[in-house]
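You will see chain A twice below: alongside chain B first, and alongside chain C after that.
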Partner chain A sequence: MQRKPSTYLMSAVAAVLALIAPFCMPINIATEIVIFSIFALATYLLISVAGLYSFGQAAFFGVGGYIAGYLYINTDVPLFVGLLLAALGSAVAALVVGMMSIKRIGIYFMMLTFAFNQMIFYLAYSWHSVTGGEDGLGGIRRPDITIPGVGKIDLSNHVNFYVLCAVLFVVVFAGLYQMMRSPLGLVLSAAKQNMRRTDSLGFSVYRAQLLAFVVAGAASGVAGALFAMLYRIMPIDAISWHSSGTAVFMVIIGGMSSIFGPVIGAAIFIWLQGFFSLMWARWPLLFGVFIILVVLFLKGGAIELFDRVRRLVTGARGERSAP
Partner chain B sequence: MISLLAAQLLNGLAIGMIYALTAFGLSIIKGLLNVPNFAHGAFYALGAYVCYAAMHAGMPFALALALSFIAPAVVGTVVEKLGVARLMNGPYLYQLLFLFGTALILEQLIIIVWGTVGLSVTPPEWLQGAFDLGFTYLPKYLAFNGLMAALTIAAVWLLIERTRLGSQIRAGIDKREMAQCLGIDVSRLITAGFALGTGLAGLSGGLVVPLLGANSTMGAEMLSIAFVVLVIGGLGSLYGALAAGILVGVIQSVSSVFAPSASTVLIYVAMVATLMIRPQGLFGER
Partner chain C sequence: MTANPYAFEARNVTKKFGANMVIEDLSIGFEPGMLHSILGPNGAGKTTLFNLLTRDLPVTSGEILLNGNTVTKLKPHQIARRGVGRSYQISSVYLDLTFQENVWLAAYRAAHGGRIGWWRRVEHYDGLRAQASQLLAKLGLEQYEHTLARSVSYGDQRLLEIAVTLATRPEILLLDEPTAGLSQRETERVKTFIASIKSAYTIVMIEHKMNVVMEISDRIHVMNRGALIAAGTAAEISQNQAVHAAYFGL
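The block that comes next holds the complex of A and B.
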């Protein structure tokens, strides 16, 4: 078996990327990319590592966003308490949904995650007093970070807020990558290949998958909380099934063969969204066409594209990376 | 109060038949392709808007209904031929994203053509008014709606259970490779099944237009309801879809008397309860 690069190395690469990003593009775009990278990484853990095709990841993104938003509007909780509660809340939601869906495999699992996504969507939609319903939850503050002896860090400053998001991105990246290399990650990928055999070897596939589902839920919740703070509003669209589909799309478009795939995917999605929505109010139509073209002609996503270009440049003899 | 409840019960039955009809289409596609059709709601909305447009143009109601089946079925055939069939051999994640893209495109096209404002049509004259049942009134159109859905469901059931094409479809659902070996053209069958499924979704849309009107969120609402119906009824069971469709319709309709804002959430409560008591669904096999 091929040894995977160490977590330090990979996280360092992620950190360098996060450091360069704001110099290449407007800071808000970079912030959005970093936030959606966290969301895409969580989805990647489920789809590519564990083989759990969740089509309801936006539910946990939304739960995190609403919890953080509600707390920052109605209470004076410090930043990290709000983030922690958002992660905890979405982890609990993921635990409940996971317990009811994971034992159902394949297509049934996907349908259940979708149905639970819609359930949480309609809960948010009709619970107007807490979530703002159709109008979304507006006026979310970004609390200052107080560090004893250093002073206050004002998060309404875009650069400071980017740094917070980028740090959390690197932390989530390192955590998830370490998890994939750990025995737990091995059980997950073994179960992806052959669930029964893994089970009969004595590993509890169910518990491993449930744990992955809860971790992915918590990470999605953190992404949702940061997203709520970014534009100081938590829109109802962020929790809809379109958003879940987008998460799956980010994983595919980036390429499933590397953990950098979802990060690339998030960057591509944010740029596309910005580009298309400038052109036309009906931009999801263009997005739909783009998805169809990618699915039909570039199944391996951006990573496959790099590969193809490299092979074109170095001649047909260039070595192929693992599919 | 009794009269109101009875009226809501009848209303729930009729709407439930529509839910069952839509879920039927979803179930056929899911069975043949083994992929959930995430564009199903968009096809449902397409049927509704086609019916609206046809009636608005002065066409007779029967023709409008026929068009609300045919137009989505034709679009469904194209979608299947161009994309779904080509992605048949890969992992189903790609088919899924393809259908997601299709849903986005159809939804936006509908908004471009018909706008976001809700539209409504009146039922034809012979379906206006109501029957007096003594304890409550039954609007004629509601009765027609339930009856049409029931007849269509019966026709599809006969088609699947009693005809040669139907037995081939069932063979394709059970064992695709084996059916192929027996000389059945499975790829044509899948195209036919997809067209039938999307057509049924469209017909459901056409049927509800005189009742509920057409609006830009109807597709997403129906998509989730059809999934919930399949989960409650049990995957792969046509009876299950029928029973669960009616159950969901009645729950939604009756609960809207007591707690109008919670009626959408309540159907998910029913789903969770079903999953806890019978994880395979009411009529599903283990």
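The block that comes next holds the complex of A and C.
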């Protein structure tokens, strides 16, 4: 059995990264990075661990964002109730989509998730009274948190809001990492390598993959809810297939051989997006070139780059270990 | 009413792929506690029969019975949970997992039924790890315990596949060409191993190496063009004219 680092150790590293981030960049950028890291981690669980190439994760990100946004605008629900309902709503949506999509594999699965994403997008687009349609759902408040003994924490303060997002990021990171090291993680990894064999051992691959799909949907919903609070608006674009593609790009840019890959991918993606948009109005063109270069010359993403540098420095040779 | 004498049975089974009839009205049964071998030239429908028995393929018509109960509509994982372990013609171990992880996974399923834990870490199941190690040692694979399956020879992958299949704690073992791709020495090792465990299981084995089949089988079934043409002991089969005709055109 390969010895894997403990969840405490990995979570501590994630917490240190989250602690350092706001000292290296503007707080809003750091907040966006940790929120998209949650979204990318959920996508990583599906793509890298379960082998489910979902192009519909934005649907669950959007469902979470709209549920939290709607509740925070129209009701006085406490922060964590809103987040919980956002996660629950996204999990239910993922359950329905997953039950139908996971019956197919490969390109057919991809197309089904893509089609469901578009359906949910048009539902949000048309349901103007609830979602704000094309204009997005604006005026989302950030409810205060009251902690006994500490008092009221004002989340309209950017630093406080960042701390909330960072804590949730570490919680999601730890939860997903622990899950990936559990029998479920091993079954998903086995099914990714050989689905037929995993079935013949007596595991219901369908149920295992569906569970992963629902967990990823719930985590995407939490990310969506935080995103809606960050800019106090849930734009319609956030639920489009472009947004699903963004999460997949983050995973590819960061690399799939480590759980830190999607986190690094989210950071690079958001930083580059800002950087390129300052350089040139037609920045998506530059971004496209960057993605092409990564796919052509750095298939393992940023993690592979670190690996190559490490091997260069230490003079180490030989095969990389299995993910 | 007499009890069903078979542990596993295909009754009047037909399998068509489009217009192509691969198996036609085949009835074959495997008595418990015996080692059955299935012989037949390429294209006889042997592996298709395995796929029908384990529900990897649906039957076009007919019935599959396990311990006298019909399982024709079950899914492959449900058949496995009823005590049917299977190895494949082409090695199908998990190449990116270690030997121990490969066996552990099967042992976990056997110990926990259909439930899949999603929190406790894999390395914390000490009993299952010990079980996996013991099984690997039984097949002489202990030195590869922490080696990725992709790093070893094909022969060792075949042996690992048998270990994985046994770790599911099956009552019925379906072995599809367990010695395919093995050297003479490895074949001997597998043959001796199968002979040593045959009293504990009902084994159905597809095998092309005649010496293996003749030496360890209790009963041999010969198929040709999707039909059963003969069944009997090694001595009976070696004298059977229909078998000679199918193999040598005599």
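To be clear about the criterion, the second predicted complex is superposed on the first by the 308 of 323 C-alpha atoms of A that agree within 3 Å, B and C clash if a C-alpha of one lies under 4 Å from a C-alpha of the other, contacts with A are read in each partner's own complex, and residues count from 1 in each chain.
Assume contacts are C-beta pairs under 8 Å (C-beta built on N, C-alpha and C of every residue); 3 or more make two chains touch, one makes a residue touch a chain.
As the structure is a computational prediction, the values presented were derived from the model and not from experiment.
Peer 1: Look at A:V92 in the shared chain and tell me whether it touches chain B only, chain C only, both, or neither; answer first, second, both or neither.
Peer 2: neither
Peer 1: A:I29 contacts which: chain B (first), chain C (second), both, neither?
Peer 2: In the superposition, A:I29 contacts neither chain B nor chain C.
Peer 1: One more residue to check, A:L272. First (chain B), second (chain C), both or neither?
Peer 2: neither
Peer 1: Figure out whether A:L298 sits in contact with chain B (first) or chain C (second), or with both, or with neither.
Peer 2: Neither chain B nor chain C is touched by A:L298.
Peer 1: Check the residue A:V289 against both partner chains and state whether it touches chain B (first), chain C (second), both, or neither.
Peer 2: first
Peer 1: So, does A:L123 touch the first partner chain B, the second partner chain C, both, or neither?
Peer 2: first
Peer 1: Identify which of chain B and chain C touches the larger number of residues of chain A.
Peer 2: B
Peer 1: Between chain B and chain C, whom does A:R196 touch in the aligned arrangement: first, second, both, or neither?
Peer 2: A:R196 sits against chain C, while chain B stays out of touch.
Peer 1: Which bits of chain A are touching chain B when the two form their complex?
Peer 2: Touching chain B from chain A are residues 47, 53, 55, 100, 103-104, 107-108, 110-112, 114-116, 118-119, 121-123, 125-126, 240-242, 245, 248-249, 252, 282, 284-285, 287-292, 294-296, 299.
Peer 1: Which residues of chain C touch chain A in the complex?
Peer 2: Chain C reaches chain A through residues 54, 56, 75-77, 80-81, 86, 88, 92-98, 100-101, 104-106, 108-110, 112, 114, 116-123, 125, 129, 146, 148, 164, 168.
Peer 1: Spell out the residues on chain A that touch chain C in their complex, using ranges where they run on.
Peer 2: The contact residues of chain A facing chain C are 1-4, 7, 178-179, 181-187, 189-190, 193-194, 196-197, 199-205, 207-208, 211, 322-323.
Peer 1: If you look only at chain B, which of its residues touch chain A in the complex?
Peer 2: It comes out as residues 30, 34-36, 38, 83, 86-87, 90, 92-94, 96-98, 100-105, 107-109, 111-112, 220, 223-224, 227-228, 230-231, 235, 261-262, 264-265, 268, 271-272, 275-276, 279.
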